[in-house]
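Labels A, B and C are assigned to the chains in the order they are written; within every chain, residues are numbered from 1.
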Amino acid sequence: MHDVRRRYVIPGDKIAEGNFRPLMNVIKTGGALIATRIGIAESGRDGVKVIPLSGVYIPRVNDLVIGKIVDHSSLSWEVDINSCFSAHLPAQDVFGRDFSPARDDMGKHFAIGDMITARVMAFDRTRDPMLTVQDRDLGKVPRGELLHISATRVPRLIGKRGSMIQTIEQATQTRVLIGQNGIVVVTGRNPEGTMLAVKAIKMVEEEAHTANLTQRIKVLLNVPDTPQESAVSAPASDAKTEEMGSGMDDVEEELEVEGEK
Amino acid sequence: MTQTRNLIDENGKRTDGRTIDQMREVKITVGTVRNADGSAFIEFGKNKIVAAVYGPREVHPKHMALPDRCVLRCRYHMSPFSTDTRKNPAPSRREIEISKVMREALEPALMLEDYPRAAIDVFVEVLQSDGGSRCAGITAASVALADAGINMRDLVAACAAGKVDDQIVLDINDTEDKEGGADLPVAYMPRLEQVTLLQLDGKLSQEQFNECIDKAISGCKMVYDIQRQALMQKYFGNETELKEEVATQ
Amino acid sequence: MWDALAKGKRLDGRDFGEQRPLEIEPNVIKKANGSARVKLGYSEVIAGVKVSTGTPFEGLENKGALIVSAEVLPIASPHVEPGPPDEEVVELARVVDRGIRESEMIDLEQLVLVPGKIVYTIFVDCSVVNVDGNLFDATSYAVVAALLGAKLPILEMQDDKVVDTGNTRDMPITTVPVSITAARIGDYILTDPASEEEACMDARITITTNEEGLCAIQKGFTGSFTADQIKKAVDTARIKGQEVREKLRGLAK
């Protein structure tokens, strides 16, 4: 148990002073820790960070992303991941070490226009992000409704331990794939359910920062309100818990700030 | 230029009724351009200006990309209907210069090293102009950059001061700009206490200059409060006060 | 460079407030009404004055027109490409123009032929021949020197036509504006930056003064200044400006 201070900040705001470690979206100048983005500043024992509420997607290693194949060379596919950085998926990742362009046809495996789920393997200042599809549930994405939401809204859409997205899925009989980069794919058996899910997702995006959002989503989906909302936990085998991996901390914090417990 | 007529009356009222230390009314709305990554609309007196930010995004043409930091491009442009006489839509030399000083005013606040090989484009469009449009434009652009989630060390707030009837006044309007004694637009990073834009047109003694720059900076601080309020309003709704919480985990 | 600065000296041995050697050669272009070639260190600018007639500026019907422009020639540096002026050159021309205009160096009210319709139009065009830092001051000095030594053809109206009487007079000069530019590198403010200093400067400020005080300032480049640094730079510019003013007055005649 440790104390965590939370505050709304804009760029330039001083969050704390002294021997704290600057974490994401925080810089340390002259002994003061300054926020560099609009968001919720958190100072705790590990350090000081700002959970951003706006901004385009900047890849982080281990993020699960959904991207579109836009081109391929003889050695890799170029993938659009809705960022200012273009990602690539090496052919070796799919075909293995003894990959040969003559024998293995890249276009047959992933064609231009295909949507894939992948994980960011490597990314630093000197080179563009590298992806992998070597994991269960990674690879080609089933056809469905495609949505672009702001990457900063993804934790809210997933919800605490997947609660928000599961509420939407169960109420609309759909399966929703969410990439940390803000790309969402909704697949459902009936069109009304799919469209309702899309509506709910858009509502989460627009109103992510407001209180009682979960209530309003439930009203939209015609779901009865249950008191123990936060107790919902996802089964370990569900791919979604993996997607939540990197967003988990953000999720808990955002929910608590809204006063939902 | 030397003034030809009195612009402040015996009661200390200026051509628009303000006192010498009064700023015009400023209103900022955040996020007005849906397609942009960040945007802001500002009304600064009768100035109406929209700023939109796209980025960080890929650089086109590719050869303009820098290996270790982001490229920042700014365009200040006045719509043909924005001034008393119609303005030719082609970029004038004045707009080219203002685009440059605007970029140089915003760059010190941005952490461009965080986005290597990318570009940030800032577009400032003056829809109605009434003196001090470059200050209003910089103010709006700074809010739009924060709205876009670009990493910034501080906001940039801008305001002009000037000399009218031999007095140092805050925030000069169009008439005062054209007929007054001096015009000093200033852009300022309030937390870091750094001046990022400063231009002077007109005659000032050293003492008048010192008073003028101090007054402009105090104006910038007032503008900063409005910027902060506008951003808080959009992102944190009705809780516009700095909300501090202590929670135990 | 940092070592030198820490010891209070610049790479070329100058003090922080010291200008490079200034050479002024007046009347180099005989076909122009006035001209000057200025060398500030190795930066070299030639300015030429051409007097013509035209309509007055909107809102300034009882004054002659003064138009200052500048071009950096492709010969001036390996980095200059031929073509329309880029934003740096536009800024240079406008800052120099403002310095001259706001100082009211030329008494434009004496240059009216038919009020509201026909006035003298003074064109001052500058060609930058070699780039070696601080084009703002070099160009400004060239314009001032060219105007100081210029001969104004005396024109008059005859039957609604402008006629050259064949006589000339000196330009109606009221004051001599002097531009002083400084660069900030770290916490050091250096007057008259040479090109190596401009290559690593954080910010730049150009301050133009006349005998009474300031008339134009431009902060340039992508860094910032504190208010105190600017106030101090203004003070330095006034004092240094007076020295250069004497030089300009003396050399241009």
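Simple rule for what comes next: a residue touches a chain if its C-beta (ideal position, glycine included) is under 8 Å from a C-beta of that chain, and two chains touch if they have at least 3 such contacts.
None of these values were measured; they are calculated from a predicted model.
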item	value
Distance-maximising chain from chain C - centres being C-alpha averages	A
Geometric centre: closest chain by C-alpha means	B
Distance between the centres, which are taken as Cα means, of chain C and chain A, whole angstrom	56
Chain B-chain C separation of Cα centroids, rounded to whole Å	28
Intercentroid distance (Cα basis), chain B paired with chain A, Å	34
Chain C, residues touching no fewer than two other chains	none
Multi-chain contact residues (two or more partners), chain B	189, 192
Parts of chain B lying in touch with chain A, wherever the complex brings them together	37-38, 55-58, 68, 109, 111, 115-119, 146-155, 189-192, 228, 231-232, 235-237, 239, 242-249
Touch list for chain A against partner chain B, complex	1-8, 10-14, 25, 27, 29, 34, 36-39, 44, 52-56, 58, 84-86, 125-126, 128, 152, 209-210, 256-257
Parts of chain B lying in touch with chain C, wherever the complex brings them together	1-2, 85, 93-94, 96-97, 99-101, 103-104, 107-108, 178, 184, 189, 192-206, 208-210, 213-214, 217
In the complex, chain C residues that touch chain B	58-59, 87-88, 90-91, 93-94, 98, 102-104, 205, 210, 212-227, 230-231, 234-235, 238
